[in-house]
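My questions all concern the structure below.
Letters A, B, C and D mark the chains in the order given here, with residues in each chain numbered from 1 onward.
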Amino acid sequence: MANSKFEYVKDFEQPDVLLPNTWIVVRIDGRGFHKLSDHYAFEKPNDRRALDLMNAAAAEVMKDLPDLCIAYGVSDEFSFVFHPNSQLFERRSAKLVTTIVSTFTAYYIYLWSSYFPSSPLKPPYLPSFDGRAVIYPSSRILRDYMSWRQVDCHINNLYNTTFWTMVLQGKMSNTDAEQELKGTVSSDKNEILFKRFGINYNNEEEIYKKGSVLYRQYELQDPKPSSVSVEDETSPSIPEAQQSRSQQDRMKKLRRKAKVVIDHVDIIKDEFWARRPWIISGSVGKLPVQS
Amino acid sequence: MANSKFEYVKDFEQPDVLLPNTWIVVRIDGRGFHKLSDHYAFEKPNDRRALDLMNAAAAEVMKDLPDLCIAYGVSDEFSFVFHPNSQLFERRSAKLVTTIVSTFTAYYIYLWSSYFPSSPLKPPYLPSFDGRAVIYPSSRILRDYMSWRQVDCHINNLYNTTFWTMVLQGKMSNTDAEQELKGTVSSDKNEILFKRFGINYNNEEEIYKKGSVLYRQYELQDPKPSSVSVEDETSPSIPEAQQSRSQQDRMKKLRRKAKVVIDHVDIIKDEFWARRPWIISGSVGKLPVQS
Amino acid sequence: MANSKFEYVKDFEQPDVLLPNTWIVVRIDGRGFHKLSDHYAFEKPNDRRALDLMNAAAAEVMKDLPDLCIAYGVSDEFSFVFHPNSQLFERRSAKLVTTIVSTFTAYYIYLWSSYFPSSPLKPPYLPSFDGRAVIYPSSRILRDYMSWRQVDCHINNLYNTTFWTMVLQGKMSNTDAEQELKGTVSSDKNEILFKRFGINYNNEEEIYKKGSVLYRQYELQDPKPSSVSVEDETSPSIPEAQQSRSQQDRMKKLRRKAKVVIDHVDIIKDEFWARRPWIISGSVGKLPVQS
Amino acid sequence: MANSKFEYVKDFEQPDVLLPNTWIVVRIDGRGFHKLSDHYAFEKPNDRRALDLMNAAAAEVMKDLPDLCIAYGVSDEFSFVFHPNSQLFERRSAKLVTTIVSTFTAYYIYLWSSYFPSSPLKPPYLPSFDGRAVIYPSSRILRDYMSWRQVDCHINNLYNTTFWTMVLQGKMSNTDAEQELKGTVSSDKNEILFKRFGINYNNEEEIYKKGSVLYRQYELQDPKPSSVSVEDETSPSIPEAQQSRSQQDRMKKLRRKAKVVIDHVDIIKDEFWARRPWIISGSVGKLPVQS
């Protein structure tokens, strides 16, 4: 074939297969969303439409890729998690990351007008996202990753809520508010909100305080009393790679049947995981009875 | 800070910086475009609107990232090339690839309705793209990569043109056409087109035969008679990393001023490169006089 | 400094840090030991002196690097295992592998004359070893790796024992013996040994049948009845990276005090690991009372 | 086969093939040679026996691996260079590095008694080496790497020569000498040597000032007047991978015939490379006429 003379250039492609039997987290982040949120006049400290749009795009990604077992979003970032069993795209890093980034972007742009009907997109202010894959060797560490993001959500939201209340309701300048908040701890901020503005932070909306967690919905389970750990199931002797092709396809179909739900709940404590054991185990649960 | 207990999970992020002083090619590909082109009834063998949309999205990527020095597109794929001097995003692979994939996707979705006004996008048939980065150690090999893609364009287009002419004009079944073309060489296909359908392949549109090459337009130069090689300039003793920050910013500005053109020309022979030396050298040329 | 002009070349060194909290196995192999064992007339199927020399060199590596928690050797290969907690050389792959390969080689050459007093080394027949690092995300998989090597030892030794008995005692040609053994299973080989040569394979020396396992000796423990799994301890919430420097140094000292023993026992079943829990836990045990 | 149950652990081995058509430098360094040189009473500032032993071991590595085209040593470090054409061990990084480290170590230990007959090796003071591979995309940068090491040799040797002369002949304490040298430049050190001790640094032995360069000896060539660059030959359109197997074997044989020489000359300027063009081109030269 005429092309063979140049085909040697393919040898420069280097493999990027992620270590087997590890959790894969693909985290994506909005590019230049600070400027973008100014341009489209996002509400401060939180724009509900923008968060709902993020969640809607993420839900479509979850539906498109049944191998994803959970996702967590806050602000303009989203973390998508593949189970250690997943063999999607032979676990090639670039393929996994770009597929998620591109699918997310496509839905974000496509759905924009539904969430911002009065602010049409206009180049060069088109939203875009970058992303990366990180692997975690155990479910304990995967859960610590998820906790890390949720603690970050809490810290940032408490700060932003206080800052913007001081600016918008307290009529302070940005600089003054920033200055006063420097070095404060959580209780200080809670007190500012409550004493000066009569705001009880606990009553803020859960989506702002907890972020958004997406997963496939099956029947919740009663946590077993002895179930202290969710760890044991992460490193099966016989990984899914050795499952038959047909078993894998069957799982994929079952996962597609489950509804993807968007929750705003604590994912740091054990309860969330104990009642939804299918997330860590990589299996499927019982579909809820339709009412 | 409350978050420190979980912050250790950041240590699992592994560096993915690409080797300095090498050409970086980011190639993106449409995901499932076979099914997609059926769904939106793309014309066969080439849909001019689809190619123009690809080129429009690619041009926006070029404008967004002045470090890109050339791009080449064919069918549903596009290759974007960073110069060895580029320090964009500290040359982090995932960041470079996802930024390109996401920006491209955003414009592709956004511009769709301009190119397909009568075929609105409809989930789950949203176009998306995957991508990967490959590095090449010399301009000789980079040019061989570009040649590889253009030869591929030629081979595929000749095949597709012949196949679809046999099917659409010759009323053959897909299977029969495929069967007859098996094992044929270029001259066979040219003959089928000419003898049976009176089509001279050479008269087909250049965009189909050559693909699309995008670059910043400066004044074309007369190739120097002795300029046998474009190689020497790729490995400067003092790489751009050591250029001052302000020099780099100045270059970036100059590049933004140049117009991005879309050409359909031979990029295998020396002439293209000799007349546009700024592409390989990584410098900027003289802006053409406005007429 | 005069050197700064060239120092940019350091930027081409790429990081090779191994994923945190994973088991690191460095496996080394003799280079060209087939030819070498002919040259120095190793006994067939096993040369006890050669194995003892391998074990002696490996024991010195274990003493030199207290972070190693276990090692397993068979024939001309040895696997050295670092605990997930180990931060040695910041977990840089090349540094870990080359240090082990070089230290092992140094002792192998140095000790040669003690084990082969009548066959002095003579260039170009100097023994050397290559090596590589592989990481495993859980103790279950680490144990499967160890089992893999020991099963391999068994399979190869049964074959070699049968083959060489047929050749040396049975006066068969190499080709004839090879031909007859093709396609046989374990029971066939056991029968050949027993029926033709009166050899009960079970009575062969343990070092040949089981290979050699090296670890630090503390007081053996009674396996707890409920201890079904050795898994839980591999992924501590707070990895050793966050242990204080002084804690790590204290551990290192305690490990140096323990004797490195060379055993030839089953490491596939649970018992070995249950009685020596310090290997998987990465802690230290109780030093045995000196008698 | 009984082993198949555990064989999945092989899937955790990750590829480490180095980018094609790049220079591979394997640099090895003595581990803890400061302590070691004290223990075996190496002479200060340079121990000729130790350097000759390093060079002898390196020469054996060059003979063992004909794909090596040049090596450069200084103090307890050595850099071994593979040509971009080399396909040795499919360019697997760990395999290349460990083979060099182990072979070097083996010869270093084996030859020790020839160079230090009165200081026999004694554990735990066995010399060992670590190593790493770095790739360079052009011959210009490879030469800058070599220059970097030779400039380093010069800087360190001038410092060490001055320091040890002040201590050994000038009877200064280590601390006082160190203190006085802090912040001095080359000319200061030259002056101290000359004015106080009557030593002209230029008359020091070349091996100390220039380090040692090893390469295969063919007939020197007259540098062509126009040969300003050695760059062009590094990136052939058709890499050696596509050379026939027999061509590669033929080259290997020719390289084995050439003598490995040990030189102490300038490798920063062009002359060294212009007269020995086979090093950069990766070809072989004309064997010198035997006298």
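Remarks
The definition used in the following text is that contacts are C-beta pairs under 8 Å (C-beta built on N, C-alpha and C of every residue); 3 or more make two chains touch, one makes a residue touch a chain.
In this text, all values refer to a predicted model and were calculated from it rather than measured experimentally.
Common partners of chain C and chain D, by the touch rule above, are A, B. Summarising the inter-chain layout, the chain whose CA centre lies farthest from the centre of chain C is B. Averaging Cα coordinates per chain places chain A and chain B 31 Å apart. Spacing of chain A relative to chain C, judged by their CA centroids, is 42 angstrom.
The centroid of the Cα atoms in chain A and the matching centroid in chain D are 50 Å apart. Within chain B, contacts with two or more other chains are made by residues 8, 12, 14, 19-21, 135, 141, 144.
For chain B in complex with chain D, the touching residues are 19-22, 84, 135, 137-138, 140-141, 144, 229, 231-232, 234-237. Chain D meets chain A in the complex at residues 5, 8, 11-12, 14-15, 17, 19-21, 238-239, 241-242. Against chain B, the residues of chain A that register as touching in their complex are 1-3, 6-10, 12-14, 16, 28, 31, 60, 63-64, 93-95, 97-99, 101-103, 105-110, 121, 123-124, 126-136, 141, 144-145, 147-148, 151-152, 154-155, 186.
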